[in-house]
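In the part that follows, the structures are each spelled out as structure tokens.
After this come two complexes, each holding subunit A, first together with subunit B and then together with subunit C.
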Partner chain A sequence: MLKSKTFPSLVGILLLLALLPFGVSGYILGLLTLGYYTAVFAMSWDLLFGFAGEVNFGPSFLIGVGAYTAGLLNHYYTWPIWACVISGGAMSIIAGLLLAVPALRLKGPYFGLVTLVAVLMLQNFIVLFAGITGGEIGLDLPDVLAVDDGSNYWIALAFMGVSGLILFGLSRSAVGLILQASGQDAVQAGALGFNVTKHKLAAFCISALFSGLSGAMLIFYEGTVSVGTVVDIAVGVQVIIAAVLGGRRTILGAALGAVFLIGMGEMLRPLGEASTFVVSAIALVTIMFVPGGFLGALLHGEKR
Partner chain B sequence: MKNLLEVTGLTKRFGGLVAVKDMHLTIQGGEILGLIGPNGSGKSTVMKLIMGIERPNAGSVKIDGEEVAGLASHQIARKGVGIVFQHSRPLHRQTVLENIKLALLPDSLLQLFAAAHVEERAHEIARRVHLDHVVNRLPGTLPFADLRRLELARAIARNPKVVLVDEPFAGLTAPEVADFSNLIASFREEGHAVLLVDHNVKGVANLSDRILAMYLGEFITEGSAEDVMRNETVRRVYLGGAIGHAARPEAPEMRDELLRVENVSVFYGKAQALEDVSLHVGRGEFVSVVGLNGAGKTTLFNAISSLVPSTGVVSFDGADLDGKTAGQIARGGIVQCPESRELFGEMSVRENLDLGGHHLPTEEAHQRLEWLLDLFPILKTRAGQDARTLSGGEQQMLTIARALMMKPRLLILDEPTLGLAPVILEQLSKALETLRQTTDITVLLGEQNVTFALPHADRVYVLEHGRFVWEGPPDRFATEAGAQFL
Partner chain C sequence: MKFLQILVDGFAISSLYGVGAIGFTLIFGVSGVLNLSHGSIMVAAAIGAWAMAGDLGFGAVGGAAGGVAVGVALALITYTLVVRPIQTSSRIAREEKEIFVLTGTLLWGIMVQEALAYLFTSNPKTVRPLIAGVVDIFGVRTPTQEILTALISWAAIGLLWLLVNRTKAGKVLLAASINPRGLTLLGFELPTIYFWVWALYGLLAGVAGVLLGSFLGVSSDNVGQLTASAFSIVVLGGLGSVTGSLIGAYVVGYLETITAYSGAPSIRTVPVLLLLVLVVYIRPQGLMGRR
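Up next is the complex of A and B:
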């Protein structure tokens, strides 16, 4: 079990990470910046899968809605970045609710399928209205978060730190306990007096909020919003692999997995096309032999 | 005392099947009611309807005078109903104490931290159910009885007016049963209304103030344990009453042995499901294993078919089955018809049968199919229909027919009568009788419905809590083993 020592040590690790810009190259900082935003995607996903027990095959639906909302507002109306990011998060919740309220009524694998279809629809929608959305090429943004690597890194780190502490704290709270009970045995949770749908819906909204915020932040780091970086199925798959690789039901493991995946992908870039294959193979082997993920294996000695 | 639980006219239909029909029961504060009925009689459904896990089609459920029928389960829980499920499914990463605390939390999205009194109250409950020495352990490290205690603790955490307990003593040892009885009796003393659901009178007689029996979804009788055991319908349901034994061909004196099971034991995690069981079946013999739900019949059959790991010796036609896979055993001639039927619902009756005869030469498969359609004429008229559209009885016949397509040397039938109406039972019974008289098939039948199990059997075993407690010819069953079966 994680004890109350966890919070101080987490803050310690974050502070150490904050010192990195004084020692490492801009290239590595850029990589970590991308890793941190992906980490928030993965942590949001783990809250829904690991705790509420719902598999969301389309995390990039929530990410994409947040990113494109922010991107369009900035591109066409030149809203300030903060307003765009907040609107992105809010829109992500709204779109998530429109999807989840009917989908959570379904039993079995159907919730997952609905989320998968949602991504495809969003992608098609963006391509279809290419005149407004920029289509497959994407949309340039007039504003960026910061120009130098160090500032971008610190913004991403701070964003991940705050998001991570909130999501992790939530998972350890009384609400997190109820959520786990709802995810693992909805009948029993109901019989204990918990409104399972309400709690799952809340988890979905929180997951949507952080996915949307992070998606919006990411595009202002990259200065462009495109289907390939925030909506494509492959983006969602990477988020899922990161969360499972790092350890489901741990939240923090998801962040670990995300940074690892981004880092590995970059390190193996010299292999060209083969790099994706190697990363996928590592993920596959880990999932098959250490299903608890990095952190799961570390904390629980979980074998199954 | 006033009625804390009042159920009237309760009805539940699943598709065309009426699972519960016009059921009524009442429990006062400080009273324990035992609800009994054989497997498939609808008693679990009644419990789920009260808890709101299933919604009733008609009827009223009043908790302390307040109507709750149709509300969602969490709402009913808050009106004062707690349930102890038969299988405990605690959160495995949380300690025992945290699992109890969970049950004490308010259904709120905003309260991130448990209120101060929750911790203290959780300890109190743990002491009460004798879990205080293990509060900081993870559920996975606890013995079976402690997991049941945890389940009990969670159900009473909110101090419900009505406590529903499903099979309170399943899987417990005698001293544990005594301990649990005391705990449940203490609920009565505190003025709770308690509903115990079990299979037979024996299980709940000591603890219950009143017993109510139901069968096929309907109320049969209510009263003291003695009254209920004397009731004609109850006797007929459990013992087979006046239904006579079907004529059977003369059994050869000495049969050579086809199946031998010696000292077989099976554990599911910590619970022992089968304890040192030995049985033999002669070639051409029809052997019935009679036992209530949970006695271990399915486990025994699964151990024979190597579907669950077991210790002991199983030999078939002289060959030890140890180390063989379930597939090898099935191809070797032991074919099991599982309780759950396992038909291919989206395939037609004919396709299901063809699959069963898949390994036979075309000519032989054809002949066998003809023969089976004569044996079960109803299947002939349904040949093109999807298997899932058949009635329960027709599905059971199809399951047996499909198994027979595989030319079994030993046919294992696991609870073929589960959930079937009496009329269907008769048809099924006739088919089995024809089968016995026209072929030399060897059958091992597992049943809790004695009416169905006895007439066909050459020999009967009675299985109770994973052990054989009686073995003998069917005509001696009622006098020698009947009493312990009620």
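Up next is the complex of A and C:
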């Protein structure tokens, strides 16, 4: 495919983005920072859906487990940030495995339902143990990543860059191809001698790892962890919309969609409650008329 | 005493859940669509009834009828504007239709929810009951409306049963769920059948929504919860099985009522979720589902 040209141009774009703090206001930087973390959520989701063909309706389960693990460790034991973030990622993998090992035996809507139920359970669990978790209000964290907008922006950009390159590289590797084959026709992929379940499980773990890491990073950017920002179904829906809008099966499109969605939400803020309506309407029209998403539409001429 | 109270309240809420869930399972059984805008259609019907009975001055009965009409209209709009175009689109690969219908109806549901919140605010609304008053059942003081809720629910379920099992149109519906291709060979137009199924679904969802609105009250914030509970009931009972959905509705309704009455209303959905996970792992096709 476009492999030889894509990597250098991606690095180029990332370097260009790294220059932004010298030119734009802190407000825009803050917005992009949020967009970059959401981009990692969306890219992780795309690896699972676009390639492995598994619809995970609960991306915020993996995000929430990572975020709350990191948050609790920091709040109660004042572990340093890096240790909290790594533990968050590790815990996400464990939670992902607990969810995926039995759930991957299920197909289509059932898998989706179990992942959805996982989110509802996590949410109920957090509210039930409000004494420890802070319930609906959430926990504030003693540590933050950085104080000024520029540093926060660079941290987020570097994190997104590294995660994105790994996820993108993975999707273009042999493993990505096998995943894609398993997603499209599991029986034939199995007949060719590939262990479909093992590959899907690996995809789930990688997706969980990056979702968890990003969730943990996000809360240290915001300085608080709460249900509304990392667990709520609405968070998961936003991730899904971002990935579908940007273009499934592209990884990069998911990042594009996420930044677009965050920016759009902010631009439409003056509309108040109607802004969610407009964003959903745009997403609906996109999936109905341009099912390939932004990137799919862009690459259409090149690919087919 | 408490036991009787649970028995009575649980029965009304379960019957109501049953009507909503049967509609949900009907479209899945006949056309293979999981409609994630279910909750918003129910809430729209309830708010429609509330607005027409209240501000617009149609009275309780007129309001209820209007609410059901809103449900039917919205179901048909969902089908023609969202579901049908995705199903017939040549740009979407066939194996991806299912996920696109799921995402599409989800987005559409959010749009309806936000529109309702924008037009009518997200404050909880209670639809004016059709009849007022309280009746004593074995020492449990029960609002008459609660009994009416159960009666109307069962009447709707009974009529649906008659329609499916005793009429020619019902036979066509059954045939569509078993072998759609065979039906087209006999000269039936599938799109026409789907259209009527969606109308029927809108009727059931509308009735369930209006009843829910007069029984517990609704708010546009309930949309997600309602869709999730219909989904849970239907999966519990077995996707596409009407009898299964009814059993599922009673299991969920009573489990929620028992949890709420044993002093933990904040976690009333947790036991249901646990049961659901258990059923999905042990018997993914649900209690009455066919493979």
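As a working rule, the second predicted complex is superposed on the first by the 299 of 304 C-alpha atoms of A that agree within 3 Å, B and C clash if a C-alpha of one lies under 4 Å from a C-alpha of the other, contacts with A are read in each partner's own complex, and residues count from 1 in each chain.
Going forward, contacts are C-beta pairs under 8 Å (C-beta built on N, C-alpha and C of every residue); 3 or more make two chains touch, one makes a residue touch a chain.
None of the values given here were measured: they were computed from a predicted structure.
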| item | value |
| --- | --- |
| Superposed partners subunit B and subunit C on subunit A - clash or fit | clash |
| Partner chain in contact with A:178 - subunit B first, subunit C second, else both or neither | first |
| Contacts of A:249 with subunit B and subunit C, given as first, second, both or neither | first |
| Subunit B versus subunit C as contact partner of A:151, first or second or both or neither | neither |
| Partner chain(s) touched by A:25 [first = subunit B, second = subunit C, both, neither] | neither |
| Of subunit B and subunit C, the chain that contacts the larger number of subunit A residues | C |
| Touching partner for A:192 - first (subunit B), second (subunit C), both, neither | first |
| Partner chain(s) touched by A:274 [first = subunit B, second = subunit C, both, neither] | second |
| Contacts of A:9 with subunit B and subunit C, given as first, second, both or neither | neither |
| Stretch of subunit C, among 42-50, 168-176 or 204-212, that runs into subunit B once the two complexes are superposed | 168-176 |
| Where subunit A meets both subunit C and subunit B, residue numbers | 184 |
| In the complex with subunit A, residue positions of subunit C that touch it | 34, 82, 85-86, 89, 91-92, 95-96, 98-100, 102-104, 106-108, 110-111, 114-115, 117-118, 224, 228, 231-232, 235, 239, 266-267, 269-270, 273-274, 276-277, 280-281, 284 |
| Subunit C-facing residues of subunit A, complex | 49, 55, 102, 105-106, 108-110, 112-114, 116-117, 120-121, 124, 127-128, 184, 233, 237, 240-241, 244, 272-274, 276-277, 280-281, 283-284, 287-292 |
| Subunit B residues within the subunit A interface of the complex | 51-53, 72-74, 77-78, 82-83, 85, 89, 91, 93-95, 98, 101-103, 105, 107-109, 111-114, 154, 157-158 |
| Subunit A - residues contacting subunit B, complex | 1, 169-170, 173-175, 177-178, 180-181, 184-185, 187-196, 198-199, 202, 249, 300 |
